[in-house]
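Both complexes shown next keep subunit A, but they swap its partner, so subunit B is in the first and subunit C is in the second.
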Partner chain A sequence: MKMVCEALKEKFGNTIRELEGGTEKQCHVLIPRDAILKTVGFLTGLLPMRLVFLFASDTRKENKAFTLSYVFSHTQQDSFIILEARIPENDPVFPSVTPFLPQANWQEREIQDLFGLVAGNLPDPRSLVFHEDWPRGHFPFKKDFQSQQKIPRVSGQYIFERVEGEGIFEIPVGPVHAGIIEPGHFRFSSAGESIVKLEIRHFYTHKGTEKAGEGKSPSHLLCLAERISGDNSFSHAAACAQALETLADIQVPERAQFLRVIFLELERLHNHMSDIAGISLDAAFSFGASQLMRLKESLLRINERLAGTRLLRNVIALGGVRKDISGVQKQRFLEEIQKIKTDFDSIIQILWQVDSLVDRIEGTGQVKKEVAETLGGVGPVARASGVDQDLRRDHPYAAYKELFFMVPVFKEGDVESRMKVKIQEVYESFKLIYDALHTMPEGPLCSEARPILPLKSALGYVESPRGECFHWIATDREGKITRWKIHSPSFVNWPLIQYAVLENIVPDFPLINKSFNLSYAGNDR
Partner chain B sequence: MFRILKKNLAVGKATLPYAPHAAKTTEGFLGAPEIDPAKCTRCGQCVLQCPTKALTIADHAKEARRSFYISYGDCIFCGLCEPACPYQAISFKGKFELAARTKKELCHELSSALSDVRKDKAFVSTEKIYFKKKPDEISAFRQGDFADKLTLEEIGESLSQKIQKLFGRSLHIREVDAGSCNGCEVEAVNLSNPIYDAERFGVHFVASPRHADMLLVTGPVTRQMELALVKTYEATPSPKLVVACGSCAISGGMFDGNYAVAGGVDRAVPVDIYVPGCPPRPEAILHGIFLALEKRQ
Partner chain C sequence: MISIFFACAKVLFLMALAPLLSWFIKKMKAISQNRVGPSPVQVYTDLWKLFHKDMVISEAASWIFHAMPFVLFASVLSAASLTPVSGAVSLFGFTGDVIVFVYLLALGRFFLTLAALDTGTTFGGMGSSREMTLSSLAEPALLLSFFSLSFRTQSLSLDGIVSYFSWQSPIQILFFTSLAFGALLIVTIAESGRIPMDNPATHLELTMIHEAMILEYSGRYLALIEWSHQIKQIIFLTLLANLFFPWNFSGMSGFAAFGVGIGLYLLKIFFLAFVIGWIEIHSAKLRLFRAPDLLAVAFVLAVLSLLGQLIIGRGV
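Then we have the complex of A and B:
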């Protein structure tokens, strides 16, 4: 990482300097506003570097200016470099990196809506987070905006991108959908049956979660993190806990690290089971759906016995975990996992022999590798398109460093490959749980809690079932949480669906959507 | 084909029987916090730990009494209060059938003389505690931005008697997510899995509010979903029932008091049944639905 910093300094001179408060794995570099385009461009050009996400924070009290942070991952050295630029209040304009880094599009639009900063040269400056009834000039993430404030509604109109031509018609879908799923709006433009354009409009479930987290105590923040995306409760809470532990300088006991791996993999299991069941259901093969939903229920019941809650809530604590797996319970857990694995195996073998299912999923909803890379796709979706990245391996956390596992990668990028990735990951999860249970050392479950340190910031990250999930927490002078940024995998992957559905038929959309299985709540926060 | 048949025969029947009040949960399930009135001294230590102000305390100076409230409508079942109690008065025994018709039924009160409480070593004065108003029975939905869009006859009308006769044995439900974290959706989907199989009771989830007798609403009602929820309610033919499912839907839960949420379904449309839980387990949702239909008796 030092090398990258040196390279930056050499190229751009004295205007760039390293900031204090970084850790071994996180290096903060301050860059001037007019060097944003050059430095971000330079870093993305370096082979092992990858822009993970960018965000703003209101640091007017500390630095007399807003701060923009660009988080880069060094995939070969397990470290992060965070470029920080100050944006003064009286001239709140920053150069947009979207023209050469399309993955930043939604992120920069979000910064405009929440902070009132203006991205210069942003190709699509429409509002993203707030809908047409939100009045201009109210930016809830600014420190002078009161959280309880109710903003009056105004009338307005949102302009969708239109496709025009003979035989083109528009199909609006949502926000209330036909199935039991979350709200979001999809606007299809289709010619006959085939989709020419899809525009996604989300943020119906925007709850201001990041703002709600400001000033909360660590244990309450973890409660809130568990409620960002229900089916990924444990992943979000684990990422949040990691960030908090770095801030408070707490070492998590080894046994707790292994237990976290077990719970994280249990969460992956029930998510993937439900995804494969969903694909099977949407391809009208109800046998697969009901059998896999049955397995998912057995997993939820295991969760319930081990953790007390079906979605693995209330397990994580600052400095460790609250629940242990030992003795008779461990033995029973192992037997049940073994049984579920055999059951899963026999169901999957049947699934691959059903022509009606395989016909539907083969070649449907393709995402090319270039598209996945350009839009910064993450998780099983990216891995199904040939992008080989997994935080568990590239930036190991918890006890993943001591465990061996494979990262399945397929290159076709269609529904079938996404399903294959998920099936392979299920097998890897079974193996990880089995290995972790056997290698787990004895010891305490939780370290003693310590107060979080003032004027620090830290990253926490987890490869959730949907892909990489980042939490970034900063504290103020009193040691209170002043900014909590949640970067959920769904936020990155939603734009990919707009490409996956092109030239597919409208009835295949539910199938494609299910194979992505993104969270609306995680996206909207 | 043969393999599918073989697998189906090998698995056999997975569906569990359901009898209201007798449904057993898996051992280890936390459920709702229960307070032992004999052990509780109303000291207020647990109130400091509660993330949603489900536990609150009010000192009545005039009567020299201290009241302690637990509201299952606000509770997110996080378990933080249990270790906070110096007298082990709070326990989690897997209680989950909590659905009620009013918010008042969800709120329980314990009180004792203030002078006794003051003697307690663990005493916490109310100055340290933010007091949230206890839930009342006033239908709050009039406060909603779109309350004027609802026609008069729908407001506050009690339908409970007619419903059994009108709907008979089958009930069509439209699920509406008004900004939940998707935890409640996971459990609502599970209602249709082979284990719970709600269809056998005539409970059927439909694709359109036009076909529905009941709306199952989750989430704290976000600002951007409020209009959609009101429109869905309007599109549902009368007589209709509304079930608020989950802590967010009842009181706003963790998200209450934020710029982007209304804080409970009854701020937007009238609610018939409240189902506490975060998320409520499938049996709890079924219990709520049965309560709405008065099948419980």
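Then we have the complex of A and C:
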């Protein structure tokens, strides 16, 4: 990572300097505002670096300016580089990287809404997080925003991108849907049954979770993290805990590392089971759906027995885990996992034998590799389109370094590939759980808690069932949490659906959507 | 006089039995999914509940919206009165009732699609357009398969067709009607909105056909629509049962014959419902643009059946 810093310095001169407070794997570099475009272009274009996400923080108290951070991951080494640029309050403009990195689109629009910074040259400057009833000039993520005040609602109009032509009509769907799901609006422009354009409008459940985390104690923050996205509770909590542990310089005991792997994989198992069930259900093959939901239920019951909660809440603690798997539990756990695996095997075999189901999923909702890469797609969705990336392997955390597993990658990018990726990952998860249980060393569950250090920032990350999930935490002079950034996989993958549905027909949308199965809560935060 | 009484009783019988048949398929699906499933009373109490609920009606609704449930129900009941059930003659049986039968159903469908457009909601319009696309393919297949049977029996009345075949040997029936049976089975699946054509259990508006059209309905109107849909389903199953397995119209007389007739009839329609349920359990829903292919198969079967009768001629 030092090499990357040196390369940057050599290229752009002494205006660039390394900041204190980084770790071996996370290097912080300060760049001037004018150099943002050049350095970002240099890192993504010429070096094997990938822009993971970008965000702003209100650091006016510490640095007399806002800070913009660009997080890059090295695609060949286990390291991250974080570029930081200061944006002065009296001239709150920063250059948009969206024109050459379209994946930044939603993120830059979010920064505009929450911080009042202006992205110059942003192709689509409409507001994203706030809807038309939110008055202009109120930026809740600024430190001087009074969160108790009542914001008067105003009237306004949101302009959807229009497709015009003969026979084109718009289908508005949501934000209230049939069935028990979260709110989100989908605007289709279709010619007959084929979809010409889809525009997604979310953030109906924006709760300001990140803001709510500011000033909270680490254990309180973990509680909040568990509630970001219900079915990914453990992933979010684990990512948050890792960031906090880096901040407090806590070493997690080895047994806890292995237990974290087991719980993370248990979470992946029940998520993937329900995703595959959902695909089967939306294709109206209810046999497969109900059988897989049955397996999901057995997994949730295992969770309940091992952890006390069905969705693995309250398991993770700062510095380790709270729940152990004892020898007696282990035997029963292994037997049950084996039984679920056998059942899963036979259900999947049946699924592939149902021609009408295979016909529905084959070639439906294709995401091309270029689209997935350009929009920074993550997780099973990206892997189904041929993007070979998985944090567990590329940037190992917990005990993944000591375990062997495959990362399934398929090329076609259709619903079938996404289903195949998830099926393969289920098998890998079974294997990981089995191996982790057997190689897990004896030892303590949790390190002693230590206070988090002041004026530091750290990144925690987990490959959640939906893809890579990042938590960024920064502390102020008193060692209080001053910025908590949650980068959830759903936020990245929602825009991909807009491309996946093109050239498909309207009645296939639910199936395509289900094969992504993204979280609204994780997206809106 | 007594025959009119019997014919009326027959229609009432179909009305009463229709929900039970829906229950049977629901129960089958439930068992396939390791669920307990509803009790037979449930389907009736559901209708009862809907009949006693208040209605929420869109302000944009015109008279078509209000008239549709009644037109649909009446048209389906009229079609039921043309359907030969067991022994007794149909209430309105006359020469040419095959064509009336098909267009009575079309009348109901016409109002159904119109009413779906009436309130101006997106899903209603989508449902209407899909329903019309599919039924414009199902209707010719239905008519042609009737015609092929009519050609054989020299009768355009459903009663006539049934009574002709009930005197034939099973081999002959199998020989002359199997193609038409295939066509009619596919049309039955399409008309009763079952998988693989449509999914009656889905909550996904974007994929709906029949359900999308009735999303705006509630209370009494919805009850009428649901009930007509169930009656339509039983009519088609009855037709399949009696046109292609017609062996209960011969022999005995009096109450014994009546009892045996009803028993056999029940056995046949529940067997056919089992077939429909079996297909539903074992397949996913077709992609919307593949559904016309299946209906095209029905059409081809019907044409082949008609051609077959033409080539072989009546003398055999």
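Assume the second predicted complex is superposed on the first by the 524 of 525 C-alpha atoms of A that agree within 3 Å, B and C clash if a C-alpha of one lies under 4 Å from a C-alpha of the other, contacts with A are read in each partner's own complex, and residues count from 1 in each chain.
We take it that a residue touches a chain if its C-beta (ideal position, glycine included) is under 8 Å from a C-beta of that chain, and two chains touch if they have at least 3 such contacts.
Since we're looking at a predicted model, the values are computed, not measured.
In the superposition on chain A, A:Asp249 makes contact with neither subunit B nor subunit C.
Subunit A has more of its residues touched by B than by the other of subunit B and subunit C. After overlaying the two complexes on the shared chain, residue contacts for A:Glu335 are found with neither subunit B nor subunit C.
Contacts of A:Phe509 after superposition on the shared chain: subunit C is touched, whereas subunit B is not. Residue contacts after overlaying the shared chain place A:Gly208 against subunit B, while subunit C stays out of touching range. By the document's definition of touching, neither partner reaches A:Glu161: not subunit B, not subunit C. By the touch criterion defined above, A:Ile171 lies against subunit C but remains apart from subunit B after alignment on the C-alpha atoms of chain A.
In the superposed model, A:Ser290 lies in contact with both subunit B and subunit C.
By the touch criterion defined above, A:Arg153 lies against subunit B but remains apart from subunit C after alignment on the C-alpha atoms of chain A. Once chain A of one complex is fitted onto chain A of the other, the partner contacts of A:Ser219 are limited to subunit B, with no touch recorded for subunit C. Applying the stated touch rule to the two superposed structures, the overlap between the subunit B and subunit C interfaces on subunit A comprises residues 178-179, 287, 290-291, 294.
Across the interface of their complex, subunit A is touched by residues 3-4, 7-8, 11, 14, 25-30, 49, 51, 76-80, 92, 145, 175-190, 193-196, 205, 207-209, 219-220, 222-225, 227-228, 232, 253-255, 257-261, 278-279, 281 of subunit B.
Here subunit C touches subunit A in the complex through residues 29, 32-35, 122, 126, 195-196, 199, 201-207, 281-290, going by the rule given at the top. Those residues of subunit A that touch subunit C in the complex are listed here as 171-173, 178-179, 193, 280, 282-287, 289-291, 294, 354, 356-357, 359-360, 364, 505-510. Across the interface of their complex, subunit B is touched by residues 130-131, 133-134, 140, 145-151, 153, 175-176, 178-183, 203-209, 211-212, 216, 219-220, 223-224, 227-231, 233, 274, 287, 290-291, 293-294, 296-297, 300-301, 304-311, 313-314, 322, 346-347, 349-350, 353, 519-521 of subunit A.
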